[in-house]
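Please go over the structures that come below.
Two complexes, one shared chain (chain A), two partners (chain B, chain C).
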Partner chain A sequence: MTKPKKKKRLPDLVVIDQMLQLWGDVQRGSSLAAVIHDNHPEIALVGMTGDDAAVEELQKSKFIDFYQRNEIATGDCIPDLYAIADGYETLTHFFGSGKAASAIPSGICQFVKCPKSDEDTFVASIPGTFKSPWDTGTSHTFARWIWNDLLHRPGLLYDALEVATLLGLKLQGLPLIEKHLEKCRYSGIFASSHGPRWWVSLVRDEIRKLTKANMSQPLWELGRTLAGGDKHKALFSKCHGRPNSSEAPTVVAFSDGTKRTRVQAAMADTIPVETDSSSSGFEQTRQYVRS
Partner chain B sequence: MPPRQSRQVSRANQQPSCYVTVDGLLSHEVDSLNHMATVPWPADFWAWQIELQKAARAASNQGSLNLHLWFEAPAPRAARDAPHHSIELGAQILPGQAPLVTYFFAIGSLHNGQRTGLRKLDFDMDLTPRTQEPKPTMHSQISGRMSPSLGQRYGPPGFDNMVPSLDKPRIVCLPKSFALLAHLAFLEYQSTHAGISNLISDSKWLSVVKNAEQKILKPHIDYCASWMQRGEESLLSHFYSPPRV
Partner chain C sequence: MSTKTRKLQIWWMDDEPDRLKNFPKDAIQKPSHAPKRQAELTMVDLKAHNSIGAVLKLLDEAKKKEAVARSRSY
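For the complex of A and B:
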């Protein structure tokens, strides 16, 4: 009688360095990721590197996200890794059961806990390839879309700097009103405590409700009122490059072509980033250009 | 109690209450433009989806609307090689002390990449509190004045053939929204544009239009019907309310 084999438990997530010393040779982590993905598509894959600029987009696409080595080392992105691992597991289970195409958009809405009022816009923004029956590779590409597009491009969801700008505040001013926005916070699949997101439509509705404002009052004005008005003037947002202007910034843009730092700016001082194409449901990334 | 005649006069002198407020219109436009962005647009309307979302977002954040979209279609009844029409649709809502609510439907001729202004109609909701000149709150007029966005697409002489300085006549018209204006334009060009012909019978598009009709047109039409039933004063005179001085 043979002893029953103990079932090996596979990891939920694997972090792979893009520069690997394997068998006395340097290998690309993305090549290893492709092999793991072919054999175990249920494992979430995350890459890391010391030099982000040296990694081509095609190589990055083998991973759900790609981190700088120091972000992993400091532990800052650990909540992200948990969020990716948990979210990916949920996705692969749901879609592994062979859902009918007609059930997919509503299933995705449930995953992200999309507000009713945003459902039409959200479903229209989902690329067509994810609305037909999934194969083994779809979980990975869909996870990349949720993580990199829905959660990290402004559109239906905003991050802290974008919400602060919408409400006429500096990032440091957001805590003054954050407690009012608890119900608007994104809590769907891949939600991470590291970089919270908010449903913009819910933020708009909540702010107008709290301030009993009508539609024609700009949100930056209402946000400042809710934050306590002139008492916290130092925390009101300022247009980048216009220190003496009282105009409220209306957009978050990269400060320059390196795309490392984002600033609050006047729309007129920015241009769309050429490499970022417009797509339904999302705002085009912008870059500050005023000299 | 005032005598019957003076009661009639005072009612006729009142501003018609059948129009949505500027805030109400802006709020409706935000919902409607977002809804419009999700309909199955013909391929050559690819930019509309993004621009509609952008305008709705700006309106809900900034509390004002500024939108200008266009499409091209062969001119109905024109020769096959005749220049195509460029159909320009615009909306501007600027709330405030003297709010501006205006929509435009312009037609240009497109020849060798150059546009020439042919016709332009404005649909204005004039809520100016004080004016010497009687005019209907909601009116349409031929207008050669161009918005800055239209000015970018039409070099001089633009729509000067419409005599921009002439405001008369102002004709009482149905209230407008961007969806209603777009639907009117699509109905006009359905015979020469297959994509538009399909769109105007699409259930999603029709739900956008019917929703706008319920929100914007129904209160107006109910008001007019009720006024006519009473049969006391001229409805047209009522819309040309006396000088608000």
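For the complex of A and C:
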């Protein structure tokens, strides 16, 4: 084990356990995180716990993200830690120099490598508080917005299941056409290989270009064609709860109220999640409800 | 120093010495999806510190050493 006293550099990122038995009492990792942030706002903070459900949102907000302990221990989420550490450093350096408010939206567009065609929508989706000059606490809240909203809510960017659904495929079918989407892949700040994202507008354009399709042909049909057509029929997407339907699913929704599992579903079989507020540039999170 | 070449410093703060001891450190040093990136993991046993102030002192000292090292390199 490396001894902290030998360290000659501040950490780029600190991972803190949320439930701590310390100093004769139960301590919250989020309280420690708040104190570290006040004193060293240049450090990215990530929380972990053995029981995610027991942690309140306010406590989670002290961290850029919050993981189950075994997600980190298995190594699966390590690329996320790298992405958060590198992304946070870039943010704090850029905005630490006191940028003028007018330069902030274009600076953010550069960080995320936003396609020209999406710039207006993207800038409109950025909460107003981030378009004013930043103080020392803004890097953390902005990092949380990029990580939890831009990258983890469907909107301008889609994850693998959402892209597969758009293109009429099961998640397992996406590798059949993934090589065609390399140019569409998100490579901006906080990009992690653990959960790749794609710019939806670029995916739409690229698929239509590759298949020489007109605008009236549905993308799910084009995706299936590009994947090889009927010879890979087993990898075509199916509407959750409708095993005999040939209809292509159009939305990704949580399978139930626990919000742990997502499924490909027909829009008509879903409702918006009540606790999810819709915001500019993002799609409403949905839940499967058909019985 | 470039973000691309510098070894990331990650500190893991926990109150369970066994968990700190058994964590698979190799997993954090060579993630399969980012083979060119390296990180160094430092386990911080919070039980070895008697207050939040003592944990902060650890960070303050690291920051001071970093500033000294940087000034020497100029």
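Quick note on the criterion: the second predicted complex is superposed on the first by the 282 of 291 C-alpha atoms of A that agree within 3 Å, B and C clash if a C-alpha of one lies under 4 Å from a C-alpha of the other, contacts with A are read in each partner's own complex, and residues count from 1 in each chain.
Just so it is clear, contacts are C-beta pairs under 8 Å (C-beta built on N, C-alpha and C of every residue); 3 or more make two chains touch, one makes a residue touch a chain.
Treat the numbers as computed from the prediction; the structure is a model and nothing was measured.
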Is this a clash or a fit when chain B and chain C both end up on chain A?
-> fit
Does the superposition put A:I16 against chain B (first), chain C (second), both, or neither?
-> second
Angular separation of chain B and chain C about chain A, which is computed from CA centres of the superposed model and rounded to the nearest 10 ° = 160
Chain A residues touched by each partner, larger count belonging to chain B or chain C | C
State whether A:E89 touches chain B only (first), chain C only (second), both chains, or neither.
-> second
If you stack the two complexes on chain A, which partner ends up touching A:V35: first (chain B), second (chain C), both, or neither?
-> second
In whole Å, what is the nearest CA distance you get between chain B and chain C after the fit?
-> 31
Touching both chain C and chain B, counted on chain A across the two superposed complexes = none
Which positions of chain B touch chain A when the two form their complex?
-> 22-24, 26-27, 30, 34-35, 37-38, 49-50, 53-54, 57, 60-64, 95-96
Touching chain A in the complex: which residues of chain C?
-> 3, 8-16, 19-21, 23-24, 27-28, 31-34, 37, 39-44, 46-47, 50-52, 55-56, 58-63, 65-66, 69
Which residues of chain A touch chain C in their complex?
-> 1-2, 4-5, 7-17, 20-23, 29, 31-32, 35-36, 39-40, 43, 69, 73-75, 78-79, 81-82, 85-86, 89-90, 193-194
Chain A - residues contacting chain B, complex = 120-121, 123-124, 166, 204, 214-220, 250, 278-281, 283
